[in-house]
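A quick write-up on the structure given underneath.
So that you can tell them apart, the chains are marked A, B, C and D in the order they are listed, and the count of residues begins at 1 in each.
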Amino acid sequence: MRKLINDPGNFVDEVLEGILLAHPEKLIALPHEPRAIVRADAPGGRVGIVTGGGSGHLPVFLGYVGVGLCSAAAVGNVFSSPSAEQVLAATKASDCGKGVLYLFGNYGGDVMNFALAGDLAEMDGILTETVLVHDDVLSAPREREESRRGVAGMVFAFKCAGAAAERGDSLSEVTRVARKAVKSMRTAGVGLSPTILPAAGKPTFELPEGYMEIGIGIHGEPGSHRGPLESADQVTERIVSAILDDLAPSSGSEVALLVNGLGATPLEELYLLYRHAHRMLVERGITITRRYIGEYATSLEMAGASITIMTLDEELTQLMDAPANSPFFRQ
Amino acid sequence: MLEDALATLDSSRDELRDLDAAIGDGDLGITVVEGARAVREGLRTLPPEAGISLILRTCAQRFASANPSTMSALVAAGLLAASKRLGEVENIDRAGALVILEAATDAIQTRGGAALGDKTVIDALRPTIDALQGAGPENKDALEAMIKSARQAVTETASLQSQKGRAAWIGERTMGHPDGGATAYLRLLEAIAGTPSFAS
Amino acid sequence: MRKLINDPGNFVDEVLEGILLAHPEKLIALPHEPRAIVRADAPGGRVGIVTGGGSGHLPVFLGYVGVGLCSAAAVGNVFSSPSAEQVLAATKASDCGKGVLYLFGNYGGDVMNFALAGDLAEMDGILTETVLVHDDVLSAPREREESRRGVAGMVFAFKCAGAAAERGDSLSEVTRVARKAVKSMRTAGVGLSPTILPAAGKPTFELPEGYMEIGIGIHGEPGSHRGPLESADQVTERIVSAILDDLAPSSGSEVALLVNGLGATPLEELYLLYRHAHRMLVERGITITRRYIGEYATSLEMAGASITIMTLDEELTQLMDAPANSPFFRQ
Amino acid sequence: MLEDALATLDSSRDELRDLDAAIGDGDLGITVVEGARAVREGLRTLPPEAGISLILRTCAQRFASANPSTMSALVAAGLLAASKRLGEVENIDRAGALVILEAATDAIQTRGGAALGDKTVIDALRPTIDALQGAGPENKDALEAMIKSARQAVTETASLQSQKGRAAWIGERTMGHPDGGATAYLRLLEAIAGTPSFAS
């Protein structure tokens, strides 16, 4: 293990403590539920957006709690779901009476716990809607699109829905925007090494040195192809083709593109992926009008990367361009 | 009775951990054991006059928060649904037990979207409803029948491919391993059968 | 090797190509010297700041070319110096007649090449000054302070000097500010794994799994202590103590603090370091008024981190707070 | 003559790479060989009437850019200083050679801040100045004397600890390895001695 940690059992709570010490003016933990991290100015007069999921993906999830983004995140243990109670606490703190959107990635544990929280919130008279992000194109065929996992595309969903909520949209509008963003995006990734869970101390999966797994999930879920590592251009070719085959943007479209590092892959290499993706899109008559290159949704120290492409219309462009401000994401 | 049974589940911790580790993330042992412990603690906080519905709600809430996961949220959703369907009663008779079991199973199935054969806890729950319905008057016999049907169902899950949850990600590689959630339910029934009220 | 690269011999040039494709409105490469990366609006009417050094440290160096930061960077091969000619080209593009500050890390090759460039610039009638960043407190004892290596503290130097240049300060003022920033800061780091150079394909040094090297340099230069890996708190204790012993800020001081990831260490772990550093400073009556936590100066995929502390007075606080804007750094 | 000598340096590539790899980053072989190649190309672009000063400036500029590093920048700074000190002359006599050598050594020492014994190229350069000054009238003898003194200096660097440059970082671990920069200078002198003008 090459980890700078203390007692693995305290990992998540200590990380939260560090984050709250560093950013007290922007984020707070609820006094009665420290695993619910909330915008310092919540609920404000706007529709709430609650996200959440397992830890180990920073800046996902709580890094997207902020102005023009989500209002709260429920923080689970590493790679496992938060409890319904934590989600419920986040929900209550986010609701000003206009209701709350649950916006998170499509993982069984999270889905069940958010659903349970929704039931409990309903008993408390809080209106909730749910939009699942399921952007990982290689995790299931198009016929079972709804069962795809949610990965880095989440960030675009947070950005768009968050901007809608910030400008005062109603719950049904914010929900519509989130669905539209999810519908407009696809992600595909590659893993080059497993990650080690602090508590388990073992790799989440086996991948021999010099191999790659195309379509890997951000918890190390198996992908669609495992084989000897190829060049950055070849890997980009595979990933971007998988996205474009499914998303099928027409020539002339404008897109937002995210090259996301999974943890251990240097920024230099992400720019190599960007370079080839850019050329591929130019060739197809598609223009990248908004771009993000860096670590936006990680998997502890996994080596690898993903690319997300979202087609933009005027509405999504405007939402992507709206200001956003959290300790981890600013524009 | 429930308290004793829940305490017995401790002994299944490693088995459930290993079953979940083989095709999932290995936390099922913790989910069940910590969940059972939390439920026991919760029950102790209830006033003696607490009705079944409140007991079920308490169980749901405690089990859900002990170690958040798919299983704990599904079980909690099932228990909440049962609590609602049952309404305010003070004791459970055979009919009440059936209502709880059916309501919980329905809720878990609705929430999780799993069909029979998807290699989930549903595969064990469903046949025990029939067993309970078709059983003779003796509670002990009824429980035995439920256990028998659950045990057979668990065995059969080994030849199925997971279609839901984390295990579904590794598809074919789940073949040969029985489902952990189904096994956990079987162990609960066995634990109940081992309590003084049932043990002969 | 777990690298997403193409031909290792083209690594740096392809990375640059990707960066320029992604950020054409902010950064340009000089047509006659593509390894000189310049602010799109250079020289402007301000004093120029030219930095540079080896590649493999993104966002250092060229990530700090932007508004309120440096005006240009000369880009060497991985972990090796740019040429004097590249620095000279960057210098010419940065000079509006008010002169140019060379601001970079204290490494032999860089020092010699910048010096040579300065000679050549002088022949062209361009005034240059040089300030070396030598913040790595564990790389040499205090008696040989000037021979210390330059590491992540560079970022604070760029920030302060860049803000001074941006507000219109003269070359001697910008130089004074850069010197003051360097004098006010110390850095110490820890490495948990070596890094692999794309071209060499071999680790830069050996460090057994489960070991740490305190005081490691960002090219894998040996540090002051090698031993079994300790807890995050213990490591932070060592690092922050080394800094405080040397910097000796008085109780009541205000400081800026940077927890910097070297490449493979997850953001979660950086917040564990922040947490303990925060507590140590509070205990000593020192207040962290400005904080940066993330990857600011890396070493490809090395696992490890560094902490930089800079004491702040009113002037430095103001300069740290000034706006800055590059594709890699924004505030 | 210079062209032939520079071409000969190719054969020292691996030796210099290994010496630099042992206590530095291993690029010295490339720096010297590519630098030499660049200089040769540069010299070919000059008009036949080019004076020594221009030739030195061209060498400096070409060597510096081929593979940027400490050594290349120091050598370039040395050559530029020599070009300045020498002024416009058309040929180098013994006195001219001495001016160049002294000017270059002084400049490298000023720029790099290395003292004698710091285990750098300075350790080989300095003694060759004395050797050249003390040598008899034959150029061949003078060169032999320089080589002899440089060779001894290089050998002695093996017992020193690096105080400058990348090698200084590993301090004691540099002991036992001769300095690469000093060796490179020795190989240049030897290469010159092997050219037709000197070889007997």
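Everything below uses one rule, namely that a residue touches a chain if its C-beta (ideal position, glycine included) is under 8 Å from a C-beta of that chain, and two chains touch if they have at least 3 such contacts.
Predicted, not measured: the structure shown is a model, and the values here were computed from it.
K.L.:
Could you run down the chains that neighbour chain C and chain D together?
P.N.:
The shared contacts of chain C and chain D amount to nothing, since no chain touches both.
K.L.:
So the centre of each chain is just the mean of its C-alpha atoms; given that, what is the distance between chain A and chain C in Å?
P.N.:
Spacing between the chain centres: roughly 30 Å.
K.L.:
When the centre of a chain is set as the mean of its C-alpha atoms, what distance in Å lies between chain A and chain B?
P.N.:
32
K.L.:
So the centre of each chain is just the mean of its C-alpha atoms; given that, what is the distance between chain A and chain D in Å?
P.N.:
Each chain's C-alpha centroid was found; their separation is 57 Å.
K.L.:
Could you work out how far the Cα centre of chain B sits from that of chain D, in whole Å?
P.N.:
Centre-to-centre distance between chain B and chain D: 82 Å.
K.L.:
Which positions in chain D touch two or more other chains at once?
P.N.:
None at all.
K.L.:
What are the residues of chain C that contact at least two other chains?
P.N.:
none
K.L.:
Should the pattern of chain-chain touching be classed as line, ring, star, complete or other?
P.N.:
line
K.L.:
Would you please name all pairs of chains that touch?
P.N.:
The set of touching chain pairs is A-B, A-C, C-D.
K.L.:
Can you check the complex and tell me which residues of chain C touch chain D?
P.N.:
Counting only chain C, the residues touching chain D are 76-77, 79-86, 107-109, 112-113, 115-116, 119, 139, 147, 200, 217, 221-222.
K.L.:
State the interface residues of chain A toward chain C in the complex, per the touch definition above.
P.N.:
Residues 1-7, 11, 14-15, 17-19, 21-22, 55-56, 58-59, 190, 192-193, 209-210, 229, 231-233, 235, 263-269, 271-275, 278, 291, 293, 295, 298, 300-301, 303, 305, 330-331.
K.L.:
Under the definition above, what is the set of chain D residues touching chain C in their complex?
P.N.:
So the residues of chain D in touch with chain C come to 25-27, 61, 64-65, 68-70, 72-74, 76-77, 80, 111-112, 164-166, 168-170.
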